[in-house]
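These notes concern the structure reproduced below.
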Amino acid sequence: MAHAILLISCPDQRGITAAVTGFVYENNGNIVHADQHIDGQTNTFFMRIEWDLEGFRLGKDDIQSAFQAIASRYQMDWKIYFTDQKTRVAVFVSRHLHCLQDLLFRYQQGQFSCDLKMIISNHQDARTMAEQFGIPFHVIPVTPENKTAQESQEIKLLNDNQVDLIVLARYHQILSKSFVDAFSARIINIHHSFLPAFKGRQPYQQAYGKGVKIIGATSHFVVEQLDAGPIIEQDTVRVSHRDSLEDFILKGEDLEKAVLSRTLRLALGHKILCFANKTVIFD
Amino acid sequence: MAHAILLISCPDQRGITAAVTGFVYENNGNIVHADQHIDGQTNTFFMRIEWDLEGFRLGKDDIQSAFQAIASRYQMDWKIYFTDQKTRVAVFVSRHLHCLQDLLFRYQQGQFSCDLKMIISNHQDARTMAEQFGIPFHVIPVTPENKTAQESQEIKLLNDNQVDLIVLARYHQILSKSFVDAFSARIINIHHSFLPAFKGRQPYQQAYGKGVKIIGATSHFVVEQLDAGPIIEQDTVRVSHRDSLEDFILKGEDLEKAVLSRTLRLALGHKILCFANKTVIFD
Amino acid sequence: MAHAILLISCPDQRGITAAVTGFVYENNGNIVHADQHIDGQTNTFFMRIEWDLEGFRLGKDDIQSAFQAIASRYQMDWKIYFTDQKTRVAVFVSRHLHCLQDLLFRYQQGQFSCDLKMIISNHQDARTMAEQFGIPFHVIPVTPENKTAQESQEIKLLNDNQVDLIVLARYHQILSKSFVDAFSARIINIHHSFLPAFKGRQPYQQAYGKGVKIIGATSHFVVEQLDAGPIIEQDTVRVSHRDSLEDFILKGEDLEKAVLSRTLRLALGHKILCFANKTVIFD
Amino acid sequence: MAHAILLISCPDQRGITAAVTGFVYENNGNIVHADQHIDGQTNTFFMRIEWDLEGFRLGKDDIQSAFQAIASRYQMDWKIYFTDQKTRVAVFVSRHLHCLQDLLFRYQQGQFSCDLKMIISNHQDARTMAEQFGIPFHVIPVTPENKTAQESQEIKLLNDNQVDLIVLARYHQILSKSFVDAFSARIINIHHSFLPAFKGRQPYQQAYGKGVKIIGATSHFVVEQLDAGPIIEQDTVRVSHRDSLEDFILKGEDLEKAVLSRTLRLALGHKILCFANKTVIFD
């Protein structure tokens, strides 16, 4: 049976939790997860609540309108998701295929509850892999000259397929402001450094040149400013002077895969809330 | 202003969260933390809820009786704590003083919101340290012959000082069943291995002999069976063939301190619930 | 140009390092790596030395006989490897394919400098994957009744293909003593727990039942006694009460892949020495 | 019996290791550790070799002159240390005393083989602690006006006591270029962030504001440019949205202590070599 998931943020005040959990209970819902957080600095309330729809008195459309009364009272930003409506995902990739390969195998194994609609690339390299896993593959090369036109084509493809979430799995093109605005808070990127250190190009080379003893990987929502969006997940691994640049890359690529797959699971579980250029992760 | 903290476990059913949060809201409480968990295997519901008593309509004693109605309805195991009533703690130690020293310095810095009533040891080694930090120190040597009598003296000391929580900070005596029963789920031990590996004596020697590549430390509640109680917190660190037994100990002692201090903060924050020889940690 | 790699162990005494490095230098070798270790408990000397054969005065066969003089003087156990002679590897797998898939993709990417000769399984599950990556696949089902005969067939296959190294990538059959003896110190297993905790069957279930806060994976050489051989590499990851058994498995499988691939790279680089049921890792 | 430790760096060429180990062997030395590294990018050779002076044919002064012949042949940068000549250390601290306290307790326990000559501070806060552990304590307040004069006094104090190594254990003053030059590669700082992220003031506040999911600590040699010297050691710990700024600090301070104490042990063991604004760590 499907579950409903509510994601809420609003100014904190007395009674919000009681109102939300009361709403679920009075309509005969069985709460299976509930987690809340209060940001002390901004006095903001965040909540994720998930309940079983078995025996629930309201249909999906009725939930929306019925909950709006509570939402208005507490000035909530809110969204509702249903676990039987799978998120439609597009993956963008360039020529480094390790993240894509990892995502595809996990998808095949059933680790991601989503509908992987397409892979978009500015190169041909991923074609064989896409075909092996049976995912539609679109090559859309991008140059400074054709960027606007090609992005329009991408946006049309994404909208025609009702794509909800875009995953940049080592896609080495900077998306324009208008593209980012069209999918606000719905584009996830994996950056191969411990942000905010080593933004931009060739972070492994930067880290190797600096002589750090730990390297990292970071997933974040894409915003207009490069590698500066809200951080979702990070991980690190030790390196030493014995590690060559190739070793940095080998170790780092393993981090990238782990961080990106954890991030996608969080996103598909509707466990991420953005606020003030940070994230709340209901894990 | 003080907060109230409720710890609850009961069979899961519809409406528990709504009932508990409704209780707080109807009495004008402001929830500052709420976290719940459902154990799918046993269908058990767990909750920790903390609210600000500023403006709350019920006094401390009235809360207890008023909440009992809800508790009975849902067959709850429950306890309530108030943050202005500090937990009274006793630390037991033998001859390895690193954990004690770490606890005392953190206590002095204000990291532990508790009242450290006494240090009990079967040796004189910790006396100088106890005096330096101004904590009452009792030496109670234990032999197989006098164990029962000495434990009785310890229990009397603990009860006379209304000690709520006992921390074994490398206390190398096995407590009798009757002692453990007298402080059930209120004795925390730090064991210098990654349990359940390397129980009992000389775990660093055992780990060194086995040639493991990672060592650990584990905090747990003390039960009658040696090193087998519910695990609260664990941590690990890498070792290699280059590490001597002395290096294992040096690295491991740092783990012990970190794990024990985190555990004590969890315990003092009333964030630990035991069930089925496991723990739920509301961190 | 190829490199030579010497792995040495012997009783420690003055002059060993000088003798070995002198041998390389006098024959015009350029040392690119050298690492040594002395085990204080047993007074044993270990060394791995790697040099560029460009301009070296001795041919491969001559190195062997020339070095024997030094080896005899110091009672050395020693082996020499040449980087242009690729290790021939066989992978054994049952029905959990995540480790195999990870190995195959890394192999395809060029992360493993070896010749992957075959995949052997007691089930059909891995066939598609093996074919996708173009690796010969042999199904050899094992029952208590046919075990001796089937193992003989496996040994013949391995010997016919001059296999140097066997990787058990979640192969759920216990190898007989005679099989293990036939490939002594040349069979690597990945066990899905933090050994020596949770040996044997269903380690994730064991860990979940125990309520540990950290789980692990361990690679080791296979010896006759189950899951008790010299440990090569281990890693751990945090879990909490919120993790179901399925989450334990999901997190643990990522550990297994990481530990096994690191182990295979160590083995192929001839960086592992066994002694006294432990390993020296020249990383 | 004392050991000798040689630290060497020079352009790589054939024969260096053989020459150095031959020197030790011909003079009847017993090598207890030897480790070398070649930096492929700059073709630089690094070596640390340690041998037992029991039975060695050369006295300490004779070693220096005898080895100079080899050093000149290979254009070596080199230093020799003897383990019976303890490093003389000064600790600088301001008002955050957790690192100092940790260092002092470990020093008392015998974890640091050094002679702790003095604590210098620009504040009175550490006085009690210094007295408790019996270490000379000097308060030298620094303002923009008196900085040059006060640093001269500090340098005189350090030189009068023949201090070899300066540890900045949360000393919140920027040292002048002339001070840094006077103790080049002999001043170690602990910075409370994962460098190069969050340089300068209030790194915990910076990290909290950025919403990172992992925080770190970094030890490095002090150079003129702020927080930019060669990195010696780093470590990280996970944080989440649930961690307040105070939690960041609490977790981070534990990292600082661990990283600084490991760094000091490396430095006292003469296991650190600087080159090209990086470090080689012979651990």
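Going by the order they are written in, the chains are A, B, C and D; count residues from 1 in each one.
Keep this in mind: contacts are C-beta pairs under 8 Å (C-beta built on N, C-alpha and C of every residue); 3 or more make two chains touch, one makes a residue touch a chain.
Predicted, not measured: the structure shown is a model, and the values here were computed from it.
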| item | value |
| --- | --- |
| Chain pair showing more contacts of the two, C-D and B-D | C-D |
| Farthest-lying chain, centroid of Cα atoms versus that of chain C | B |
| Same-site or different-site touching of chain A by its copy chain D, using the half cut | same |
| Whole-Å gap between the CA centroids of chain B and chain D | 37 |
| Whole-Å separation of chain centres (CA-atom averages), chain A against chain D | 42 |
| Multi-partner residues of chain C (at least 2 other chains) | 242 |
| Chain-level touch network, classified as line, ring, star, complete or other | complete |
| Residue ranges of chain A touching chain D (in the complex, touch as defined) | 37, 39-40, 194-198, 210-214, 216, 230-236, 240-242, 244, 276-281 |
| Chain B to chain D touching residues, read off their complex | 98, 101, 105, 109, 111, 132, 242, 250, 254, 258, 283 |
| Touch list for chain C against partner chain D, complex | 14-15, 17-19, 21-22, 24-26, 28-36, 38 |
